[in-house]
Amino acid sequence: MKKIVTFGQIMMRLSPPGFSRFVQAHTFDITYAGGEANVGIATAQWGVEAVHVTRFPDHDIGHAAVMYLRKYGLNTSEIRFGGDRIPVYYVENGANARASQVIYDRMNDSFCTLDETEFDWERILKGADWFHFTGITPALSESAANACLKAVQTARKLGVKVSADVNYRKGLWQWGKTPQEIMPALVDHCDLIVCGNSNADDLFGITPKSGDKNSWVSTMKQVMERFPNLKLVLDTKRQSISASHNELKGKAFDGNTYFKTGSHDLHHIVDRIGSGDAFIAAFLFGYDYYKNDVQRTLDFATAAAALKHTVEGDFNLVSIDEVERLATGDTSGKLSR
Amino acid sequence: MKKIVTFGQIMMRLSPPGFSRFVQAHTFDITYAGGEANVGIATAQWGVEAVHVTRFPDHDIGHAAVMYLRKYGLNTSEIRFGGDRIPVYYVENGANARASQVIYDRMNDSFCTLDETEFDWERILKGADWFHFTGITPALSESAANACLKAVQTARKLGVKVSADVNYRKGLWQWGKTPQEIMPALVDHCDLIVCGNSNADDLFGITPKSGDKNSWVSTMKQVMERFPNLKLVLDTKRQSISASHNELKGKAFDGNTYFKTGSHDLHHIVDRIGSGDAFIAAFLFGYDYYKNDVQRTLDFATAAAALKHTVEGDFNLVSIDEVERLATGDTSGKLSR
Amino acid sequence: MKKIVTFGQIMMRLSPPGFSRFVQAHTFDITYAGGEANVGIATAQWGVEAVHVTRFPDHDIGHAAVMYLRKYGLNTSEIRFGGDRIPVYYVENGANARASQVIYDRMNDSFCTLDETEFDWERILKGADWFHFTGITPALSESAANACLKAVQTARKLGVKVSADVNYRKGLWQWGKTPQEIMPALVDHCDLIVCGNSNADDLFGITPKSGDKNSWVSTMKQVMERFPNLKLVLDTKRQSISASHNELKGKAFDGNTYFKTGSHDLHHIVDRIGSGDAFIAAFLFGYDYYKNDVQRTLDFATAAAALKHTVEGDFNLVSIDEVERLATGDTSGKLSR
Amino acid sequence: MKKIVTFGQIMMRLSPPGFSRFVQAHTFDITYAGGEANVGIATAQWGVEAVHVTRFPDHDIGHAAVMYLRKYGLNTSEIRFGGDRIPVYYVENGANARASQVIYDRMNDSFCTLDETEFDWERILKGADWFHFTGITPALSESAANACLKAVQTARKLGVKVSADVNYRKGLWQWGKTPQEIMPALVDHCDLIVCGNSNADDLFGITPKSGDKNSWVSTMKQVMERFPNLKLVLDTKRQSISASHNELKGKAFDGNTYFKTGSHDLHHIVDRIGSGDAFIAAFLFGYDYYKNDVQRTLDFATAAAALKHTVEGDFNLVSIDEVERLATGDTSGKLSR
Amino acid sequence: MKKIVTFGQIMMRLSPPGFSRFVQAHTFDITYAGGEANVGIATAQWGVEAVHVTRFPDHDIGHAAVMYLRKYGLNTSEIRFGGDRIPVYYVENGANARASQVIYDRMNDSFCTLDETEFDWERILKGADWFHFTGITPALSESAANACLKAVQTARKLGVKVSADVNYRKGLWQWGKTPQEIMPALVDHCDLIVCGNSNADDLFGITPKSGDKNSWVSTMKQVMERFPNLKLVLDTKRQSISASHNELKGKAFDGNTYFKTGSHDLHHIVDRIGSGDAFIAAFLFGYDYYKNDVQRTLDFATAAAALKHTVEGDFNLVSIDEVERLATGDTSGKLSR
Amino acid sequence: MKKIVTFGQIMMRLSPPGFSRFVQAHTFDITYAGGEANVGIATAQWGVEAVHVTRFPDHDIGHAAVMYLRKYGLNTSEIRFGGDRIPVYYVENGANARASQVIYDRMNDSFCTLDETEFDWERILKGADWFHFTGITPALSESAANACLKAVQTARKLGVKVSADVNYRKGLWQWGKTPQEIMPALVDHCDLIVCGNSNADDLFGITPKSGDKNSWVSTMKQVMERFPNLKLVLDTKRQSISASHNELKGKAFDGNTYFKTGSHDLHHIVDRIGSGDAFIAAFLFGYDYYKNDVQRTLDFATAAAALKHTVEGDFNLVSIDEVERLATGDTSGKLSR
């Protein structure tokens, strides 16, 4: 993969240090992240040109966000400036039986109020292998949904493959249309999506056929029939033993074959956020890197998602080598000198 | 003074440590403040019951704000919960020729979207000596302006004195009415305001009479004629030699006499924000404490404002004794064991 | 429960950050806590009016302590000022086989030197549901012991229920009398105590009857016979696998029935201190909340104690909802957005 | 100015926080900087494409350096990887009569051991307005000196203007040749240099003519005769009243006219390092921006150098607007909302 | 000077970071210091063997104190262990007109409760040039006063010179005797003291003779007559313009000649504590170093005291070279590379 | 054991806080350590006189290193000053499947460039029980190897026992000779070494005899035959389940008997570095303490190594009591008050 284009809102992430609860915090650690940019940045660590398209206010906090993304390798040249505010989300780190908490303050920001005509998708997408978005982007505002539709249409026209994490969040979608009205037209242009059973039900009204042994495969078969451009659907399965200890597996379906990985034992979780983005990023990267070998790619992607839990912040700052070692079974974490 | 009631928006204040610029910051120091609450808290340090009326979202960041205010002595029992967001302002600390910077993100928050019927002003104001607001409150939204008007009307009815910092900020006032339409009705109920010449011009169209020797007195005389409930008008005069070094004087006019203080030399400014609130708070407190002696009160209030520049955050966390020592000329800052 | 009154010493808690040993520390994190205030604060999070009675030096560190307690919702209006020093305890956080360490410097402080006449217990206890103390309070000084006796006597007179964590610490009790001389008169007024077998032996000379199957129940039966006002005795059982990993169960006895909970698996302990206080606080709260259903209350209290291990500092800053989720078996700690 | 190319070593800068002495430090703040890169980054803030050419070890600290530079807008695409170590300099912040201290550990690093053939100067310099280096680059190693010579020769060939801060540091120059042997050939290609009288004497043996009124002009006249490509020579004059308080002026000579600025009063110095780089960066930028008006450019450059003293780290992270305000006499540092 | 022995209490110093007030502090910076140890440590930086005699509790905080002192070069082999507590003092950093504040919690600690027989002064003082104490040591407890008397008697017997900072603090001296009863016997053995006019009055009832032009010289002449072992008396004169800005001069009297220094302008004070200890330490060191040249020694000592204001904590961590540069008039604080 | 002498390089250790990756770090925590000094310091905690011999640059960073070592009880009087640089190693803390990483920058430092004649081994080793070095010392430079040889020869001559951790690191050994040429002559003088099978193969070409049941014993038997001065060989066996979870056992062979310990379960690893040094230090100490009882000593040493994983930094800052508790089976980590 040479180039990926991602499109979506970037928020300032404010987290109390360590295991401090919000009400105890005197300082916040500052990062900036967003589901789509997280995907771009993960691939940028591995040499891909990752162009992220978004919109920030034209003040020093907006500039700080750009500089943060640039540091981690994102091509920020297509970021537009305008609007009033940078959105914020607050992340409190849980432990054992106490869950991590996220509070969002993301509406009416510079991304939500973007002007759908301000992005020249033909130029932006030129030469890209993939365009990636999530179900959050069209949920935020009408102009965001419209811009997203233009992007996927242009991608299809230019032969750029499209991937999406359909990611339905009920609390969003306040701008007038329902996800059921908007998402199908977007997924229609997708080559690959991350989708679980509940998303399929919520967004497309598709449920497993009774009698089918594997309910996810049953559902995804129908999803792929409904959206014939889809070549692959992916998902992860997380078992939450406690906030500090999860287990994670990956799965994929290509219309015929069901692929799955072994289970990663995630003790000592450092940061719970962003593993889904790490998964899709590594899948898109690995699918090319492993020459369309779905099983190896899925192993790689799931290992990447597992490693994400050891990195502070949303971004998956790990090397190809670190992921491959875990993907091929080395969980030892032996000191490297 | 036994009890003061203040009404206004509280924002989360996020500041990079030390002299770090926004684009360099990795952490923010968290405080919560607002012009009116700053006044309440300054007086609460000196034993006054200070009730602040505002509205926060009903989530852990909203609760954190309440707990922060409660720590510093505010009576938070009249705070209401509702709405979606806590407003934020970002403060960058300047030095020498580099100015301090403030970026606001305060619109559409839980205060702006308050329901003007949710405050029972009769109960809230009962037994209060003063009700205080600033020109920012009515600027934020229609319901805030309406609630403020009800508050001042109720105060007048109950014999509670009203003070205001008229504080015109052009960038606000986006909800449909102009300050010229709204502010006069509010100031009409005031006993005391902080007002400078440019405010008088912007808000009331009042300018100094040519020929009058002291232009501020000339203007304020007309302001007091226009608003006959006014007993006193106040102002401070700041000379900004650099971001690290200011000079500050106070002045007052009671319709007849013009009072002023000597100049405070503010080297080594620790925090530039909140000195205006410290000034009015100390004036309201001192006016009672010094049995209506305007000159002593003005000296006390200006010393309080001067000391505020040595305290981190918006709040004036100083003792009566510290203020009196400075007000009576001891600038030595001698080590106290 | 509407109101609880607690009485006891508050210390400044100084802890090196993270897993730093005392000799490595360059900074201390500052909190303020005490067994009884911890109980008050836990209930204050859940809407109870929690009045804590103590005594601090009248200087800025004493005031800082008051402000800290007020932040977390304690009613501090009955705190008295006097004496010379604020007591200190130093807490070093252990890991795996290295134990956490506490060093106390609590004698001769403002609480130990209180004047037993300075608290008007009739006024303080008016309208309270519970008065709570621990065995540490009478251990500290003669005047503290006398004040505690007056408090429990007044409580009984006013129909305020009394609870105590009998908590025998041999190293204290240096003021002349033994706990065996003092504690019985205090427990005599109690409706509920937390007491283990070794405490019963040390303080009251009561040991299990040989032949009784459950030695704790055997002992507590005798304790309840000796102190006929007691309606309930409680205890927790902790299995320490390592400093980072404990198991915890709760038990209760009402004179007839023995209640117990399942075991909480406490991996990844964030803070080891204060879980006993969290337990009794949640029991007092839950007993009313669950309308005297001992089993549900015990499940709730033990879950609260378990969650305490995930919160930095002594205070149990968790919501009713968080406790109930764990009490009813959800240990998943799933990310909450 | 559209594009600038800079060439030189980048070091990790490790500074104790605040005014801590080295022997007291428990943590270091990490930045990365170098005289030439500082110039590039200052101009990158103002929209210039700034390409920095250097060499880092191919490990995570080397990558961290690249990411740091990229954050601040440098084009890092011409950085090469190889060699063993990243150089370090330690900076201790002085105050009042106690001087700031710098300790260098910069030899034998990846830059010193560069291979002079690994930079394709024709491609790198294409389209550049300026190439900039300092006298430190050729001092570090033979291959660095050779690469620098190739760069200036290529620049001249391509019509790219060359600037240099001649900056003689006696402690360096350990690789075999003296600066007197190397520097003249480099300066021979320069259009503009920063040079003081002592540098002129040390490097070129040029001293003021006795009888000339202005000794710097006298010297620079001779320097410009010796190096006829020079169009401008610049210098700053610093008066060090204390480590916290300096005065700074700028001067320039174009062969005919002597330009100078007023004096900037630098109280409350935040960071003493990098003002010389800020000066030359702003001069190169301003010379184009002000259409070759030397006086305005010099005022702008000196104001930029003055503002640098208020910014932590080596980089001059200030806006054009901030510099212009100071350059045109506004030293007030008034709060900007 | 080869060896100095100092005797006195060491306290843990807890300071909020930056300019935070006590009530705002979430963390304390930890150091350990005491007037006499400060003297020892200042000389240890310059190669003197500095033995400090004190007593700590035998727990990890006591050991941390020892390790802290050892780091800064103190010979800690004569420190004894016993008693219960380490004393604490809290230091709040003032700015401009807001004074720095110190709150002490030093009574009943391991030093106050020392056993006067546990120090073998003959062995400890062997080979020492100076024994140094302050007026605080005998103020703390009877056994401390007795031990101090034994120390000075032994010193005199062994020919070890004795110096004292008489330093009268009224709030101390609670153990039964007055300073007027105790101090004369101690000063009687001194060769050199630091003493101001108010100390002379408070402790010895000596006041300037009316008519004498220089009141300090007048007083000290009488002091030297009263205590004929005294060879030199010293003092500093501080002018406190603000908490951030002081002026400092030194003076000395040898019975005949009055010596004084120019005034040091102390802008930008970093840490106000310990300059008196820095002064006496540098005097004792310099008196030998400059072969009894009182003027040069006084210049050196006053420069050392001036530099102390730039160093965080109580200790004067400066080099001989830094002090000499300032003592001979170089106040420039020029960057040292 | 009364006295131990250790010889080796000390590096500055720079670690990002918490689980931050290198590329995310804004600050480094600073410690100073080295394999041999770690051994000295561990024993110094337990009252042994530990003299460490090394060489630092004569500047404030070099002095800071000395002060750091002195704090932790090392006798630093034999440290020499000279050379240019202090070496650095960067440590990134791993978690779960992500390994910890170390990057070294240790060549050409003041230790590597030592002059082998500058250490007076006869004086230094006088009265020592043990001299200890590691295989890293001779790997660094020719003069280091020569000095090490002189040290072991002198030790043997003086009857000082010699221990070594043979510790072969392939990446070092760049000065011209191979470890196979150098190490045998050094080990020849050793009484005790830490050696694993791969070291035996790499350094001495010794491999287990086929047919021998225990391959380590088989190898070590041959090693002891080859180096007849050896009385004991030791090793640890680490099972790395993840970066956060290891298991550790100790083993020893005295030529006849094979000793081993049970397995320590190291969950929640705080710091992975230095456990090998903790092991040998505790063995040398315990061998004397337990009067040559190898099994008890091995249990003690392995428990010490296990506890090291709970302490930040390289040094094993644990008490004898803490080690003995674990060595005798108490893994509970119960809160110690």
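Per-chain residue numbering starts at 1, and chain names A, B, C, D, E and F are given in the order in which the chains are listed.
Definition applied: a residue touches a chain if its C-beta (ideal position, glycine included) is under 8 Å from a C-beta of that chain, and two chains touch if they have at least 3 such contacts.
These are the chains along with the protein names UniProt gives them: A, B, C, D, E, F = PfkB domain protein.
Just so it is clear, the structure is predicted and the values come from calculations on it, not from any experiment.
Trainee: Touching both chain A and chain F, which chains are there?
Mentor: Neighbours common to chain A and chain F are C, D.
Trainee: Using the touch rule from the top, work out which pair, A-B or B-E, shares more C-beta pairs.
Mentor: Looking at A-B and B-E side by side, B-E shows more C-beta contacts.
Trainee: To the nearest 5 degrees, please report the angle of the rotation taking chain A's Cα atoms onto chain D.
Mentor: C-alpha superposition angle, chain A on chain D: 180 degrees.
Trainee: Indicate the whole-number Å distance between the mean C-alpha point of chain A and the mean C-alpha point of chain C.
Mentor: 46
Trainee: Let me have the rounded angstrom distance from the C-alpha centre of chain A over to the C-alpha centre of chain E, please.
Mentor: Here chain A and chain E have centroids separated by 63 Å.
Trainee: Two or more other chains touching the same residue: where does that happen in chain E?
Mentor: 18, 21, 23, 26, 67, 101, 268
Trainee: Chain adjacency by touch: line, ring, star, complete or other shape?
Mentor: Other.
Trainee: According to the definition of touch, which chains form touching pairs?
Mentor: Those chain pairs satisfying the definition are A-B, A-C, A-D, A-F, B-C, B-D, B-E, C-E, C-F, D-E, D-F, E-F.
Trainee: Once bound in the complex, which stretches of chain E touch chain B?
Mentor: 18-21, 23-24, 94-102, 104, 169, 171, 240-245, 268, 272-273
Trainee: Mind listing the chain D positions that touch chain A in their complex?
Mentor: Touching chain A from chain D are residues 67-68, 70-73.
Trainee: Would you tell me which residues of chain E are touching chain C in their complex?
Mentor: Touch list, chain E to chain C: 14, 21-23, 25-30, 59-61, 63-64, 67, 84-86, 88, 90, 92, 101, 103, 105, 107-108.
Trainee: How about chain C: which of its residues touch chain A in the complex?
Mentor: 18, 264, 266-270, 306-307, 309-313, 317-318, 322, 326, 331-337
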